[in-house]
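Here chain A shows up in two complexes: once beside chain B, once beside chain C.
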Partner chain A sequence: MSEKRKAMQGFVFSIDATLSAFLLVLILATTVLLSAQATGDPYGDLQIARSGKDVLLALDRQGMLGVGNATAIGSALNATLPQGLSAHLSVSTYYYANGTFNLLGMAEYGDATPEGKSIWGASRNFVGLRNGQVANYSTARMWIWQE
Partner chain B sequence: MARKGQGVPLDFVAGLFIFLVMLAYFLVLWDSYSGRYLEHASSIDMETTAIGIADQLVSTGGSPSNWTAAPLSAQSIGLAWRQNELDPYRLSALASLPYANAKQILGAGREIAIKIETLDGGRLATVGNEPASSSKAVEVTRVAMMNGSAVFVKVQTYE
Partner chain C sequence: MAGVKRGVFFTLSMMLLGSALLSFIFFLSEQSTKSADTVTYLMEIDRASDKYAEVEDSLSRIISPSINISVQNSTVYISESLPLSENIEADLDRFAAFEANYSSVNVSMSLANLKGGYFIIQPSGAVMTNTAGEFGITPTGLAGAPEAYYLELVFQPGEVDNAAWLSVSNSSADTINVHVRVRDESYARVLDFYQLLDKTGASSLNVTNLGATVALVGFSSPGALAVQCPGNIGLKASISFTEPVHVEADDEISVKSSANRTGRVRIA
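Up next, the complex of A and B:
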């Protein structure tokens, strides 16, 4: 067999081997992907996000968000959160003067946001009234996560 | 020529061996995962049913809007008079329905249990029976308001 023929045979074999290796990797990757999908919970995230909105809405309707009492808000937050969830709440209050919103204060409640965990958010705007007039504007932001 | 002729069956045998190894690998995987896929699909189905029912209860008022007048004729059941605000009359009407009718109108293809509880665990209403501890169940909890207080709306689906 000439040297040229040997070289060509080797070339044909390496294409076969590359194609086979490519197919093998593709099949293994598909297997790993499918097996990972079999164990995930695609709706768990949705439920956590909805719980955040629900809790924020409940706190607002109870009139807790504008109270400013850290103990009362912390207690209401813990009582209202469904089991297995923790949250951090931040309420920013603004007053409107000369055509702009100016920050009046910011208060933080609940647990500290954890590192390395998936966290979902919800927000709600509300106004504070004094003698039937809008006195200030607030935004409540909630960060919620699975314990 | 003789050595060339031997090369072809060696390739074939090697290829066949690899093919059989891969086939065996897939058969083992199929056996291992098919049961898990079915179980997972069943859990997802239960979860979507519970999520749908819980969302319907806290977000809608039902159809027709006065379904509480004739609960058995309701086309759909909802407990809210506005988003996340439960109406005690609608809740009473739901609780008064026979379980089979409530399940059918809610469109649940599985067994369900609906519990309305105060934040400290006091039971305000129950529809259906709670699942036995041995059965496979999924629970979805929503927070809503009723008569000025926050309540938990818990929907369980089980087999």
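Up next, the complex of A and C:
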């Protein structure tokens, strides 16, 4: 094999190696970039948030949020939440006096919120009536997560 | 040498294939991002619509002790204590203030007509009004006008003893079926009146106690109803139309977030 032919082979080998290395780097960089951009299933998020809203609506329509029976609310949460989801519920109740809304009390229901998990939220305002008049104003907040 | 060239061509082919694959992956990634954005926007629309429905729900709840309205297909059922409670206005104002202060989105309400007991029966376009001492339903025209009225006027015991038609118009072919029941709370006195009345004529039923008028039920063109009663009574009414209906207050709720929702208050 002549010296010239050997040099040519080396040059071609270098080009081949460079192209391969370039392709490898490109694929690795793309994989890293797309992995960084990747999010969970967005429709799953929507479904979980929707579940929270539905549960709050159901509890309100059943009159449970206003009554505040912890056992009944706990049972209703278990019965209404889709399988695999847990929730924590907080109801803040206000009364109106002297032109302002004053906090009457805050009640907590359901499981304790976990750490290190994605948590979704839902809220609902509602009024409590007594003798045909609005007696109090409440805000129910729900935190919901996958078990 | 030929083998080396083949190797280079093979690498080039792989590179082209890789580039095509990468382009495809980028395209999929872009679509996925758009899809995630769409879901985010859907969640915002959902959030605004939920808030809107939640406010409507509470407004219905606040007025329900004084005006309870429900709808079954083409019939509107109304149950009222007349005169309307003065507290409704204050309760509605406070609720609007509460929503403005304690909502995560911007909520505003204009509730002047709801406070006055002014409703529109849609899609028939009939107007329900509650002014001092008078309850009325006025269709906008004969099209889609009421087919039948049922009215029950409930008085305190001893506040009513008789009722009689002052005038009856029932000579045309275009009539409306009317049933008026006048009674006291104890059912000691129950008076029923059934009539086919002209939609375009004028008829009236006089309700009395010891000869003095305590209420006047009037029917006039085009199938309109008016109950005049200066005292306190319970009123139950049902109005049947020719087409399915719902009831709106001619007021607006506006929920502003990333997605906005504005519209009239649907009560039933």
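What we mean here is this: the second predicted complex is superposed on the first by the 111 of 147 C-alpha atoms of A that agree within 3 Å, B and C clash if a C-alpha of one lies under 4 Å from a C-alpha of the other, contacts with A are read in each partner's own complex, and residues count from 1 in each chain.
One rule holds in what follows: a contact is a pair of C-beta atoms (placed from the backbone, for glycine too) under 8 Å apart; a residue touches a chain by one contact, two chains touch by 3 or more.
Given the structure is predicted, the values throughout are model-derived calculations rather than measurements.
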{"item": "First (chain B), second (chain C), both or neither touched by A:Pro82", "value": "first"}
{"item": "Touching partner for A:Val127 - first (chain B), second (chain C), both, neither", "value": "second"}
{"item": "More chain A residues in contact [chain B versus chain C]", "value": "C"}
{"item": "First, second, both or neither for A:Gly105, with chain B first and chain C second", "value": "neither"}
{"item": "Which superposed partner A:Tyr43 touches (first chain B, second chain C, both, neither)", "value": "both"}
{"item": "Contacts of A:Ser35 with chain B and chain C, given as first, second, both or neither", "value": "first"}
{"item": "Chain B versus chain C as contact partner of A:Ile27, first or second or both or neither", "value": "both"}
{"item": "Touched partner set for A:Ser51, first chain B, second chain C, both or neither", "value": "first"}
{"item": "Footprint overlap on chain A, comparing chain B with chain C", "value": "20, 27, 34, 38-39, 42-43, 46, 50"}
{"item": "Chain B-touching residues of chain A, taken from the complex the two chains share", "value": "20, 24, 27, 31, 34-35, 38-39, 41-43, 46-47, 50-51, 54-55, 57-58, 61-62, 79-80, 82-83"}
{"item": "Chain B to chain A touching residues, read off their complex", "value": "18, 22, 29, 33, 36-37, 40, 44, 47-48, 51, 55, 58, 83-85, 119-120, 140-145, 148-150, 152"}
{"item": "List of chain A residues in touch with chain C within their complex", "value": "5, 8-9, 12-13, 15-16, 19-20, 22-23, 26-27, 30, 34, 37-39, 42-43, 45-46, 49-50, 53, 60, 94, 96, 101, 123-127, 129, 132-134, 137, 139"}
{"item": "Chain C to chain A touching residues, read off their complex", "value": "1, 4-5, 7-8, 11-12, 14-15, 18, 22, 25-26, 29, 32-33, 35-36, 39-40, 42-43, 46, 50, 54, 57-58, 61-62, 65-66, 85, 87, 91, 94-95, 97-99, 101-104"}
